[in-house]
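Shared chain: chain A. Partners: chain B in the first complex, chain C in the second.
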Partner chain A sequence: MDLGVLAQYIMNGLMLGMMYALVAVGFTLFFGVLDIIKFSHGDVVTVGAFAALATFVSLRSAGIVSSPLLLLVMVTVALVAMAALGMLIARYLVLPLRTAPALNTLLITLMLGTVLRESVRLFYPQGANPKPFPALLPSSSINIGQFNLRLDNAIMLAAGVLVIVGLQFLLNRTKLGLAIRAVAQDEETARTMGINFTAIVLVTFAIGSALAAFAGIMNGLYYNEINFGMGLYLGVIGFAAAIIGGLGSIYGAILGGFLFAALQTIGAVALPFASAYKDVFAFTVIIMFMAWRPTGLIQEKISERV
Partner chain B sequence: MTGRLDIDNVTTAYDKADVLDGVSLTIEPGRITCLLGSNGSGKTTLIRSILGLTPPRAGRIVFDGADITALPTHKVIAAGIACIPEGRKVFPKLSVEENLRLGAYQEPSEDVTQERMTEIYRLFPRLRERRMQLAGTMSGGEQAMVSIGRGLMRAPKLLLIDEPSLGLSPLFVKENFNIIRQIKERGITVFLVEQNVHQTLAIADYGFVLSKGKVVMQGTADELSKTKEVHEAYFG
Partner chain C sequence: MAQAGQTSRASLLPGIAALVLATGYLIALLAVEKQPLIIGLLAFGIAAVLAANWFGWLDPVSRSFADREDRLGCFAILAAFVVAVFFREDHFVLLLFVTVLLYVVATLGLNIQFGYAGVLNFAGASFFGIGAYTSAVLNTYTAIPHLLVLLIGGLLAALIGSLLLLPVLRTRGHYAALVTIAFALLLKTFLEVNDVLGGPQGMQVKPMNLFGWSFNDNIHIGSVELSFYFSYFVVSMVLLVGAFILVRRLERSWIGLNLDALRLDETAASCFGLDIARWKITAFLIGNFLIGIAGALFGMVGSFVAPNNYTFADSLILVSILLLGGIGNPWGLVVATFIVVVVPEKLQTIQEYRFLLYSVLVIAVLLFRPEGLLPRPVRSYFPGWRP
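Take a look at the complex of A and B:
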């Protein structure tokens, strides 16, 4: 295989890895602060992408044609709307179930995911069909040897890196981030430090859900198409990525996302005659990995020294 | 002088072994008040009730004249109470400095936070040396320093200290009691929950004895150390 094609595969893998990582980070954040798995997370990705598309459609019908402006408003609306949705889910579905067994939370968020997915299918105009997503980023490209670097991909990748760097800064360098990490380690002691636990949970769900919206828009811009089932697929992969990374670890989730994309890419390259099987290949490797290391790459809950 | 806590007829069910059954006691400002009692007598449940971690079923808790009975924990802390919890409870994957910062979580001024941190480092020079180390990798004694420092970062009016000597070496236990005495000298009211009767009564001003969820005895430290029942209960 020549280098240009290989570079193309790597670029594709990086794009997918970035989306998976952004979804996986949400799973790991929610697990960190509340020790729960929120299964509706993938469908928040879908709702985020459709919220962006609806914003686009209404802005266009209002006569706005500037691509950067459209994109800016779409991203803002989708992120804010999903942050609000995440907080609502936390406040009215997840927090009231705190004293119930964890399985109940899992079940209720699984059902919520179905409700979100079916709502998009039924209530969005022609929601059952795949929807074209506007290509709003410059589509010019640079040829580096045989490798064709598309500008829109480069911009998306850079934006994703910025988001992750920003998240790292928020978690590691701000007072809010310190509070989130404290709650994740020891909820009760964090409360006795004067941290408002409920507020921190809501903020965490807002952050995770906004990241999901970002991933949804990225997905739409990359494939130029979205559909009501996209989040289910991204959710399962994001969940798997968070588990491989060691649930609760941010770095692990990011690593897990890129690892899964790498497996898919390897699957596609190594099995050119059967590239449709790349997901089968990737998930098989993940299953074997889980059997080998059940706690994931980065073990989060370390035993305390007495 | 502030830091007065009135506990009035408080009943709390935490778990079956550790309940409060109509406990009334008063912590006077500027003093070290101690609470003695064996395991399961309700000591930890009382601390949890004050902090709002396990809200009482009945009764009232009043701090400097304000009712704090039904408040969520962060509002109890905002009223001017801090806690050095049983088992130290440092955040194991946060650095020493981050642990201390969390103690001053409700302090909006970075300057004040820095000032207090400098003071804590003066009190525990070892923590300055290790300020970037993860608290979970430190020895028990060092973790106790982090936990005490974190409680002081709040600059509380009332400091609740739950079983500070549990699991520490005798040398450090002695140092711990010296530090508690110094805390009082700073004008902070101390409520000390302990099993180590002898050393506790040596530094306390006043004490209560809790048994099966009820206050069975109270008095000045001198009176309590002369009481036959306390001796029998603890020294056999």
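Take a look at the complex of A and C:
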């Protein structure tokens, strides 16, 4: 295999990894502050992508044609809308069930995921069919040897890195981040230090859901197509990625996302039948991984108080 | 005290009355075709149940079911036959009825996993699908007797399920849920891309043939003609009764007690010497076996299998039935399955919206009545005994 093709595969892997990492970070943030898994997270990705698409369609019909402006408004609307959705979910579905058995939270978020998925399918015009997503980024490419670096991919990758660096800055260098980390470490102590627990949880859900919307738009721009079921797959893979890195750790989630993408890309190259069985391979890897290391590469320390 | 125990044994009458009313209502609901009438009938049913609850008429019914379960079970079988005979010529209604029965069998299996052992399984529809595909493949390529095919369907579902045993045993809660969800997605994509199994188009299934009697012919008894689905109804009913008795006996036995202990507190259970892994495996395998058998028969009844019938959303429907009915209560499952399967079939307007509606309904149930419509009663070892 020549170098150009190899570079192409690496680029694909990086793009996939960035999307997985963004979704995984959401899972790990929610788990950090509330010790719950929000299974509807993947479907927030879908709703985010569709919100962006709807914004695009309405702006287009209003006569705006400038690509950068369209993209900017789309991203803003989708991020804000999903942040609001995330807060609503946390406020009315997740927080009221804090004292209920863990199974109930699990089921409620699973069912909520179905509600979101089905709402997109039923209420978005022809939502049951895959929708073309506009290519708004410059589509020119630079040839480096045999490797064809597409500009839109490079921009998306850079944007993803920026988002992750920004999140990192927010969590480690700001007062809000300090509060989030405090709640994640110990809810009660954080409360006694005067941190508004509910507000921090809501903000965390807003951040995580906005990241999901970002991942959804990235997915749309990368594949030029979105469908109502894509979030389910992204959600399962993102959750698995978060587990691989150890739930609760941001770096672990990012690492897990890229690791999973690497595995998938290698699988697609190395196994002859893999192109058709791409998803089968991915889910087999998840199941086998869960059997091998049930709580991630960096194992969770289990000590149960009875 | 012994005498008090005798006299407090509830009478059969409320249970029989409830069964008669339910049968009459069901026949009316299934017979009506006009949409406004169906909506009216459904509204009437909801109002009647709420009113009965308001007047306290439901308590004697549940007491009578709790005390005289065996007797009332026989009457319930009789009621099912009355409904089936009433619709003897109507293919569609009988197919619907058979679907309900087989879904009940599948949810009974799921109930052993979720309700008793607390093992999560979000791939119920996948194991159902494994059973259905088994009958599709075996009926097409081999001449294995069809009763044996049903058995093989169940065994295969249990066998494939056992591939998940290691991850399921090593994980808990959310992690275990992830494993089964991943399996549900895996199986569906596998069926879609596998050409041997028909790909996205699926496969035809040959109808059942018992001892040389083909199930695809209508039955003639004298001048009376029965729909060919009637034979499927009889087989499904036998299967359901068997599964129901199995689950009931299992619950009442020390195995059920072990499973309950396991669900309520794993650590405490293992402190008392219960082998956690052993009982989890038992529950998972028996559950998948029941789901697989139901699926195998369902494949023959529907005479067609396709990946789209066994998606993650369908698995969630099975879980919804379980939650609506009240986890752990087989009678609740029967009621919930009728609601979940029959209502969207009759009310064409909501057919398309059923996944959405049931998810919202389950969220509401979890928020406001987490124990389900018919909560599981305390296990009663002595009929008529009250604490």
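Keep this in mind: the second predicted complex is superposed on the first by the 277 of 306 C-alpha atoms of A that agree within 3 Å, B and C clash if a C-alpha of one lies under 4 Å from a C-alpha of the other, contacts with A are read in each partner's own complex, and residues count from 1 in each chain.
Methods note: a contact is a pair of C-beta atoms (placed from the backbone, for glycine too) under 8 Å apart; a residue touches a chain by one contact, two chains touch by 3 or more.
Not measured: the values here are computed from a predicted model.
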Notebook entry, point to check: Who does A:93 touch here: chain B (first), chain C (second), both, or neither?
Noted result: second
Next item on the list: Considering only the touch criterion stated at the top, classify A:65 as touching first (chain B), second (chain C), both, or neither.
Entry: neither
Next item on the list: Return first, second, both or neither, reflecting whether A:290 touches chain B, chain C, both chains, or no partner chain.
Entry: second
Check: chain A residues in contact: does chain B have more, or chain C?
Finding: C
Check: Between chain B (first) and chain C (second), which does A:107 come into contact with in this model arrangement: first, second, both, or neither?
Finding: second
Next item on the list: Using the superposition on chain A described above, determine whether A:175 touches chain B (first), chain C (second), both, or neither.
Entry: first
Item checked: First (chain B), second (chain C), both or neither touched by A:185 -> first
Next item on the list: List the residues of chain A that touch chain B in one complex and chain C in the other.
Entry: 304, 306
Check: So in the complex, which bits of chain A are touching chain C?
Finding: 37, 39, 93, 96-97, 100, 102-104, 106-108, 110-112, 114-115, 118-119, 122, 232-233, 236, 239-240, 243, 276-277, 279-280, 283-284, 286-288, 290-291, 294-295, 304, 306
Next item on the list: Spell out the residues on chain B that touch chain A in their complex, using ranges where they run on.
Entry: 51, 53, 72-74, 77-78, 82-83, 85, 89, 91-94, 98, 101-103, 105-106, 136-140, 143, 150, 154, 167
Note to self: Show me the residue ranges of chain C that touch chain A in the complex, using the header's touch definition.
What the structure shows: 118, 120, 122, 164, 166-167, 170-171, 173-175, 177-179, 181-183, 185-186, 189-190, 193, 267-268, 312-313, 316, 319-320, 323, 352-353, 355-356, 359-360, 362-363, 366-367, 370
Note to self: Considering only the defined contacts, which chain A positions touch chain B in the complex?
What the structure shows: 175, 178-179, 181-182, 185-186, 188-198, 302, 304-306
